[in-house]
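What follows is a pair of complexes built around subunit A, which joins subunit B in one and subunit C in the other.
Let's look at the complex of A and B:
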């Protein structure tokens, strides 16, 4: 009998032996509770059907995290890819992640022969109703709740190299900037095998600062990753400059935004964009945001715009609100631009997109 | 007293600012499809062009026109910065994300040139022609093509020409649009083929030059130049008889009009990026050296396709030589 597969839980970051028993947890739609169900008496087809909707409770051997569930099929595929988004409060992480997952679902990875589906169906439904649907209505999304340690979404990518689960973490900027050693929200960094560092194209009028401040979220995340030997040499990283639509008429961002989404992997183009983004951040004094590029051996940089424009206050003034709690919205709807580029770079750097060209992405 | 309104707009470098303005009255400059009015900011007049939501819903292309206007205006502002030439309308602010997207221009100079070709005094004609070609030269050298150059897009204050209304503007090197064809368009612009050339506005400019030069005797049949004076034909034949790649540039036409062609005060909007780009290169080099020293690089790296091709070529040559050697009995197997 083969030894049970060892996996690292993306939520508590504990490694554990995946249980092979016949029992899974199924959500009771009436009570909202998860109930155990033995699926062994069922036909293979019914087992497979229920498995796709079932969960297992992570044993969390360290005993340091509240009860959490993983999709029952989490280990049925290649090694899971865990992508963490790191950025200061209000840097646009949630908008970027929402636009990115939305685009992936809208066949945005087709040019790379990759299709997207939900691995954790309930989690994706929740993400869709809380974020994607609001976003599609043109609403500016609320910031991530402080203290949340759950994965935002767990997708299954099917591509030329097989099927690979991809877990996204979007943790509140306040938690990322927390220096508390026991802050559990940062735990995902231990299990992450790729990181998207998110910084915004700042408006001094909004931030009340003439030059960008230090980037505590980046600095602490980099230091936490450095604490694991060999991590910075192995971990692919990208830096995404969100809200780049503010620079849509300013070089060098203008020429990248006008290109729209790319259709193939070209490491030379990625390097040209990375060089331009680096130069822009350097010119604006955002040197603290460049730390990941200096630290990680493979790192790309991108201009992205999740919404295509700035949100404006409802009723024309800050503090205005509609009945549904909407405070800001995008008057002309959303027009995501280049939001998949950081993800495509990570998929290339982790081998999900295969080939010699993809393998050169992010190499210095 | 007019009400003070606070709006937010970005300058040509994308910096967001708060602007306090009061309404300055209706404004009806010809040649613009966008809604326009005058506003006053700190006692100075500006042209405010916008797309109210109802207009945008009715005609979404208006948003593209505003985008063209802002894109051209910011580019010209970045290139000429604090030495901005009076021959070009100057963008002061814009906000394309607002409920009512807008662009704000410093008040245009002079009056619309519409219908002026037949009214200009002979002593002003050359001044007008030179001013027009200077404006076209200034935009082209900044990589901007106006795209709808007619008398409606020109202002004249008795001494100087100013080019306004960049709603159809494009940037050099982009694909030409297959949009509405204007009588002033060159054959290449009309066909919508190829990429935008820095001489794309020269055709339309020379149609105007001819109209102005001929004055009241302009026959309206713009391609029939048989009765044009010799000097005018010498100036314009190279424009109308050649494809865009062989057409003269505005500077050549200015020389043809015996006008001086001063050095342009164009700056490089990306000059400030150079130190950062160099730093990127330095860090990349350091990473490569570190990786090479640690011997990490080959582990997960795909083969460089060029080396792969070279190796394949060598193998094919060796195989061919061995094959020939066997075939001709040079070696015994």
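Let's look at the complex of A and C:
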């Protein structure tokens, strides 16, 4: 009998031996509660069918995290990839993640022979209805709730190298900038094997504002990642300059935005874009946002625009008298541009996209 | 009145800081920075107001949170930077729940950063209890259902899904008044911390949730929810003769505890507390609208309204349910929900779509024996609290159609009042056409256009007076004014020359960019009158043709850019001429 597979829970970051018992948890849609179900008497087809929609409770050996579930098939594939988004509050993490997942679902990874589906069906359904559908309606997405420790979405990427679960974490910027030692919301950094650092673009000529000397969210995240020996050498990272539509008339960002989505992996092109983003961030005084580039051995930099423009209040400047008084929308609709580039770079750097060219991505 | 010693209660105000780029503490009265930091950490997970998909958060949400020796009464408002980056004002200190209830109507609650510390002044205890009791009576059965669950699981935290918005605090008050002593006798000293709005209630929320949480819809996703949950539109109604039903009835009407005095039913307002956001716009809206809370059997009737989607019901299905309601209780419930939906400008288009002429007629048939207030509520839900949606030509056209063709005089008059707010002359014209359509003249023989126009000019004052007389008599202000009886009610519009009604033929490029406007043309001068309305492919215009009684002029219709309409209306009100702008379209006579 083979030894049970050991996995690291992406939520509590504890390693544990995956239980191989016949019991899984199935959500009762009437009560919203998860109930155990023994699937051993069922036929293999029915077992597989239920497994796909079932969950297992993480044993959380450290006992430091509330009860949380993982898809019952989480370990049925290659080693899971855990991608965390890190950035200051309102830097555009949720918009980028939403646009990225939406684009992946719209066959945006087809050029790399990768298809996208939900591994955690309920979680993805929740993400779709809370974020993707609202985004598609042109609504600006709300600020992320502080204190949430759950993964945003868990997808399954099928590609040339096999099937790989990909877990995305998108926690509130306030949590990432929190100095509280026991803030569980940034625990995902322990289990992350790739990080997308998100900073927003600002044209200083337009904003007449000095770029902050520090990027607290970046700095704290980098230090937390450094705390695990060897991570800096192994962990691939990207820096995504979000809201780059603000720079659509500013070279060299304009040139990259006009290119739209790429169709193949070209490490030289990635390097050129990284060089341009580096120059832009250095020139605008956002050196603090380059900390990940200086820290991680493999790092790429990208101009991205999740929505294509800034959101404006639905009810004008004065807001409204009802609950929708805070809502904003994108008056010209949404036009995501180059949102998949950071993800493609990570997939190349983690071997999900194979090949010699992909292997050179992010290397000096 | 509960006494709050000075210094007992500290205050904190949260909001989006553009400097710190974070939702943080913007102002506080804490004596030292460490204490401020501690309360920022504690309250940070509780201050955001976030919608769930299409479901908007309420304008105001209240939370009562307990932290050891201290408690917090938190008021979150839909004011601030953006969704989830809202403002919130907190009172922190030794506040028991009774004190918290009394502070709900404290005048010092602020939507924006306070400039000075205003000492918390609780309302009189009896006053607040009366208000809450009055509200709770409207949700008695729902409260009993929730209490039954509390009695079954006295030590478990509880989530309530589907409580009518604005009645959450009344439910908490009633649950505590009814259940606290009962549970204590069973050995359970339950905490009554609560929040009237949460967008999620799973175990992973940092800081923990209050014992009682209200959610608009079920939470989806894979997170673990370790609470008892009552979904009011799917639970079986509680037997009113059971313990929970008796306890709630006793709390509302019986003698006994200090929270449930024998006092006769209060005449205090039953307006939902949660909507009490203090903005000018809301104040204006509240002047128009008296809340009409749901009655008993909330959950039983609510069962019809739940769709399979995440949202409890779309605006359209709510309107359809309102039209289909067979019981008064159901009608009241859906009316409340339609009114709530109508506060969202995005929902009103869907409401209007469902509330077409036939649907409005059915609603009118239901309220024939009831106060006209209900019709007013439906109309404001569909057209905006200040009928602002009627500024759109298409919407105005539909409203005019209801005036002209409704089977119910009551509805036509109510809609006439609404349209008159935007355009008195359109209301008059529609009233005239309604009269024409239903009068014997038309049934005897059709008039030729020229004859029709002559008759119109001669009879218009009398006929519109007949119609508007009704609206004026129905108008509470007019009825109360006392300076003019029905027989001497004057026409809106004042002493200017009598209006001309007619039609113009011209093509409008786009209703998005242009409006057809009626002008009295005297020589080279154009005196704006009012927008024309398109009915059956023709532009119906109305206005006094002469700028002054002695002048001679003709009424013409001209397409004008939409951004000039406001200015033209201002000039029309002052009877001032407007220079013909180069971007006006060609003019057509109104005949």
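We take it that the second predicted complex is superposed on the first by the 346 of 364 C-alpha atoms of A that agree within 3 Å, B and C clash if a C-alpha of one lies under 4 Å from a C-alpha of the other, contacts with A are read in each partner's own complex, and residues count from 1 in each chain.
Here is the rule we go by: a residue touches a chain if its C-beta (ideal position, glycine included) is under 8 Å from a C-beta of that chain, and two chains touch if they have at least 3 such contacts.
On a predicted model such as this, the values are computed, not experimentally measured, just so you know.
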{"item": "Side-by-side fit of subunit B and subunit C on subunit A, or clash", "value": "fit"}
{"item": "Subunit B versus subunit C as contact partner of A:293, first or second or both or neither", "value": "first"}
{"item": "Which of subunit B and subunit C A:251 touches, first, second, both or neither", "value": "first"}
{"item": "Subunit A-centred angle between subunit C and subunit B, computed on Cα centres after superposition, in steps of 10 °", "value": "90"}
{"item": "Which superposed partner A:332 touches (first subunit B, second subunit C, both, neither)", "value": "first"}
{"item": "Comparison of subunit B and subunit C by subunit A residues contacted", "value": "C"}
{"item": "Which of subunit B and subunit C A:122 touches, first, second, both or neither", "value": "second"}
{"item": "Which of subunit B and subunit C A:62 touches, first, second, both or neither", "value": "neither"}
{"item": "First (subunit B), second (subunit C), both or neither touched by A:32", "value": "second"}
{"item": "Superposed arrangement (fit on chain A Cα atoms) - minimum subunit B/subunit C Cα distance in Å", "value": "5"}
{"item": "Subunit C-contacting residues of subunit A that also contact subunit B", "value": "311"}
{"item": "Touching residues on subunit B, where the partner in the complex is subunit A", "value": "8, 10, 12-18, 53, 56, 63, 70-71, 74-75, 78, 94, 96-99, 101, 269-270, 272-277, 279-281, 283-285, 287-288, 290-291, 294, 296-297, 300-305"}
{"item": "Residues of subunit A defined as touching subunit B within the complex", "value": "203-206, 233, 245-252, 254, 274-276, 278-283, 293-294, 297, 309-312, 316, 330-332, 351, 355-360, 363-364"}
{"item": "Subunit A-facing residues of subunit C, complex", "value": "21-24, 41, 44-45, 48-54, 56-59, 78-86, 199-200, 202-207, 218-226, 229, 234, 277, 279, 281-282, 285, 310, 343-346"}
{"item": "Subunit A - residues contacting subunit C, complex", "value": "11, 27, 30-34, 55, 57, 65-69, 71, 88-90, 120, 122-123, 125-127, 129-130, 133-134, 140-150, 173-174, 177, 180, 183-185, 212, 311, 313-315, 318-328"}
